[in-house]
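Paired with subunit B in one complex and with subunit C in the other, subunit A is shared by the two complexes that follow.
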Partner chain A sequence: MTALLSVEDLTVTTSTGRRILDGVSWSLDAGGRLGVVGESGSGKSMTALAVLGLLPEGMRASGRVLLDGEDLLTLPPRRLARVRGAQVAMVFQEPLTALDPLMPVGRQITGPLRLHRGLRGAAARDEAARLARLVHLDDTERILGSYPWQLSGGQRQRVALAMALACEPRVLLADEPTTALDVTVQAEVLDLLDDLVDRTGVALVLVTHDLPVVARVARDLVVMRDGRVVEHTPVAAALAGGRAAYTRELVGAARAVTGLPTTGGPR
Partner chain B sequence: MTAPVLEAVDVVRTFGATRALDGVSVRVEAGRSVGVVGESGSGKSTLLRQLLALDSPTAGEVRYRGEPLARRDRGLLRRLRADVQPVFQDPRSSLDPRMRVGAVVAEPLRSLRVPGDHRERVTEVLAAVGLDPDVATRYPAQFSGGQRQRIAIARALAPRPSVLIADEPVSALDVSVRGQVVELLQRLATEQGLTLVLVSHDIAIVGRLCERTVVLHHGRVVEEGPTASVLADPQEAYTRRLLAAVPQLPGV
Partner chain C sequence: MTGELTTTTPVARGVEAPAAPPGTPGGARVRGARRLPPSLVAGAVLVGVVALVGLVSLFWTPYALDDTGTGERLAGPSAAHWGGTDRLGRDLLSQLMTGAGNALVVAVASMLVAGVLGVAVGVLAGATRRWVDVTLLSAVDLLIAFPTLLLAMLIVTVRGASLSSAIWAIGISGSAVIARVTRVNVARVLREDYVTAAHAAGTGWWGTVTRHVVPNVWPTLLVQLMLLGGGAVLAEASLSYLGLGAPPPNASWGRLLQEAQSTMLVQPWGAILPGVAIVVAVLGLNLLGDGVRERTDPSLRGDR
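Presenting the complex of A and B:
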């Protein structure tokens, strides 16, 4: 079986010649769930941006990013723009940056429906309502008529997910999608992500610093450090003691710091 | 029985129609550690500002060593400023980038007009947080997040406070560094007999550091008790929901 999305020897260099990513390779099968973890400066977000062709000014990517065998790095900008959103969709940490503050969220969801799927009028509105229900935005009418600032952080991230799924993408790239949320809301959004991947069959790339979050949703794991892939392994194998020392270190630190002490309290 | 170092008694703080704190009582006993856990909108930051005397209650009162804090009591406030020191979440924004580390750490000594050799005290507190004395001549930007948080803790320790009030002290740090800063706070609290108040959304961190846990929700204390029993046997539905939501690594 060939991979749906594969990153091969991806290297990103700054204008001064510094390597931000150095030979990054991993692959994702259709319907797969990949977690990319690393600490700050590891290059995990840069990998996501490179896949989407959204590198900051002055940075250059080499290697290959193959979606169904087609190299996204060599696509002309206009073709890439059509892939982005339609086939590879994204969700970021802070949905406010992805949402237009001056437009009701319903119209923001119908935007991509018009652009990529050619839906108009009532058909677009009905589909937007269906997507809102898909991401469990109950009270659909009111929410679709609201501006982003009138919604809570959790509701905004659900709207961002609805927009991302509007075009039935094959890959959903989520960069720290729950990091800015309260822990109880985070749990709801993670359950939703889990459920969406099951129901829509979209393949998930979840980029985060938070190993327990990855463990909750992903099946495979890429551990990054200093722009390189340290290990590419099933999540379960990493938790049972990864091959790489750094993976074991990360798992140990996550257990020590984010684990709830069973006895509780010091001294 | 001696009075608690800090005590909030039925504190209410309203902002317009919002009751950010709705009758909150919390006791902080000398030499003990208390964690205040809550999500956004719980009122934990408002409570923190009350305990630091950066804000006054709409009703109720905050007491420092048994004495109600009143705006006009300059002497009492001055004692509190020296004795109760804050540590904030993001050392990048709480450390002045134009000041050398030595000046940053000595700043509370200067502003509180603490007598004695400031340079010597700076060296002492830098050593206490595990930093070399020569970092004093460098700038905060030259340090990693974990080291900057150590610098922020050294600054808080400089005027020899008996209470540290830490607001999300490790939330902005990488996980591998978080453990080291938690250990540092734990060690300092034990070695120096500090009273520790930790305000955080992260019940796991509070679980590591604090003997008592206070759960805040919508401006009210919904549960309070020894950390071990709050974690193992939560009485309130909200506490159970909070605990269930914490992402955990399966298996041990």
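Presenting the complex of A and C:
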């Protein structure tokens, strides 16, 4: 079985020639759940941005990002725009800043519907309401008419998830989706994410510094450090003691602080 | 960092609350019950009065502008001449009224010129590649450094003294400031996460600019434009004070001031009235700008 999304030898250099990512490779099967972990500055978020060609100005990516065998890095901007949101969607770390403060969230959810599915007016609004219910935003009408700052952190991230899933993408890139949330909300959103991946069959790439989060949601694990992949292994194997010394260090550190289980992966 | 590790342990999963009640914090948004900001009301009233007077002057003034009447010069306020007369015996109130119309025409028209020019240049500079940005910015800097009066004299020399010359002079020099403000704000919004998020959702350049950039920049711009309108009233008064505005018999507050200057001790009303009129118009436009901002920026609204 060929991979749905595979990153091959992805290298990102700044305008000054510094390598932010250095030969990153991993692959994700349809319906797969991949966790990308590493400390701050290890390049895990940059990997997610590079997949969608969203690098900050001045940075250049080389290598290949294959979605169904099509290289996203060489795709012309117009075709890439049709992949973004429709085939590969993204959820960001801070839902307050990732939502336009001047636009009611309902209109923000209908944005991708209009772009990729051609839904307008009442049809788009109905679909937005369905998506809102999908991510358990009860009191749908009121929430869709609200501005982002009128919602709680958890509600905002649910809105962001609804937006990301609006066009039934095949891959969902989630960049630290629970980091900006407080404890109980984090657990809720994570459960929701888990549940959504189950129900929609979307393949998940979960970028996080939080090993317990990966242990709970992901099946495979990519450990990154200084822009390189240290290890690419099933989560269970990593928890049982990874091959790379750095992985064992990470797991050990997480286990010392929390009650990280010795066996992992979703139930 | 490590502290957050505790947040998602399997233990936390067990004690998870059954879905928090939706919208308890930050909810309770009362529609329609929102009060208008006081500065908006005050500004609208002041500008409204000036606009109304100006509008009336188009159809009716107590006396014709060139009517020297019975030759009663430099008279104080009376039943026949509510604002008194100038040194030629012309009715001051009639001139003030016409001046109001001219001031507002100049303000609005130069706001339009500055707005169209400035926003176009600003968006282009803020949303394009480095060298376009640098070139446009240098041009803008040059324009900012160029005194408005000098520009006005240049334009008047070429086109002759008229209202439209004043409008072009004020509009063009104002557009530099608008372009700067636009560029800075466009660049700021383009760095926001929600623009990256919009790109990640497949929105193109044009879609991002119209859906996210313009609405987020607009409130700031509107305030700037309103402030510019206040400045334009002042600039028009300065230009006509120097004889670079609309020539007589067309009235202008600036020229009224200039004409009253030598007779101020004999008939102070001739200087006081146009002075007050200028203050009212400028204050009104500035207050209106502030009020508009409070209205259009939801995060500044009182219903947080």
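In this section, the second predicted complex is superposed on the first by the 258 of 267 C-alpha atoms of A that agree within 3 Å, B and C clash if a C-alpha of one lies under 4 Å from a C-alpha of the other, contacts with A are read in each partner's own complex, and residues count from 1 in each chain.
By our rule, contacts are C-beta pairs under 8 Å (C-beta built on N, C-alpha and C of every residue); 3 or more make two chains touch, one makes a residue touch a chain.
Being a predicted model, the structure only gives us computed values, none of them experimental.
> Once the shared chain is lined up, is A:Ser146 touching subunit B (first), subunit C (second), both, or neither of them?
Second partner only.
> After superposition on the shared chain, which partner residues are touched by A:Pro112: those of subunit B (first), subunit C (second), both, or neither?
Once the two structures are laid over each other on A, A:Pro112 reaches subunit C alone.
> Residues of subunit A touched by subunit B versus by subunit C: which partner has the larger set?
C
> Once the shared chain is lined up, is A:Leu55 touching subunit B (first), subunit C (second), both, or neither of them?
Neither partner.
> Going by the contact rule set out at the top, does A:Ala237 touch subunit B (first), subunit C (second), both, or neither?
In the superposed model, A:Ala237 contacts neither subunit B nor subunit C.
> Once chain A of both complexes is superposed, is A:Leu190 in touch with subunit B (first), subunit C (second), both, or neither?
both
> Applying the document's definition of touch, where does A:Val251 land relative to subunit B and subunit C: first, second, both, or neither?
Touch status of A:Val251: first partner only.
> Touch test for A:Gly154: subunit B only (first), subunit C only (second), both, or neither?
Touch status of A:Gly154: second partner only.
> A:Asp138 in the overlay: touching subunit B, subunit C, both, or neither? Say first, second, both or neither.
Once the two structures are laid over each other on A, A:Asp138 reaches subunit C alone.
> By the touch definition at the top of the document, which applies to A:Met163: first (subunit B), second (subunit C), both, or neither?
In the superposed model, A:Met163 contacts subunit C only, not subunit B.
> Go through subunit A and flag every residue that touches subunit B in one model and subunit C in the other.
Comparing the two interfaces on subunit A, one with subunit B and one with subunit C, the shared residues are 39-40, 182-187, 190, 209-213, 216, 253-254, 257-261.
> For subunit B, which residues are in contact with subunit A within the complex?
33, 39-40, 145, 170, 174-176, 178-179, 182, 186, 190, 201-205, 207-213, 226-232, 241-252
> Of all residues in subunit A, which touch subunit C in the complex?
By the definition above, subunit A touches subunit C via 39-40, 49, 52, 54, 77-78, 81-86, 89-90, 92, 94, 97-103, 111-112, 115-116, 136-139, 142-143, 146-147, 149-152, 154-155, 160, 163-164, 178-179, 182-188, 190-191, 209-213, 216, 253-254, 257-261.
> Subunit B touches which residues of subunit A in the complex?
These residues of subunit A touch subunit B: 39-40, 153, 182-187, 190, 209-213, 215-216, 239-240, 249-251, 253-267.
> Please give the residue numbers of subunit C that touch subunit A in the complex, ascending.
Listed in rising order, the residues of subunit C that touch subunit A are 1-13, 15-17, 19-20, 22-27, 29, 192-194, 196-204, 207, 211-212, 215-216, 297-299, 304.
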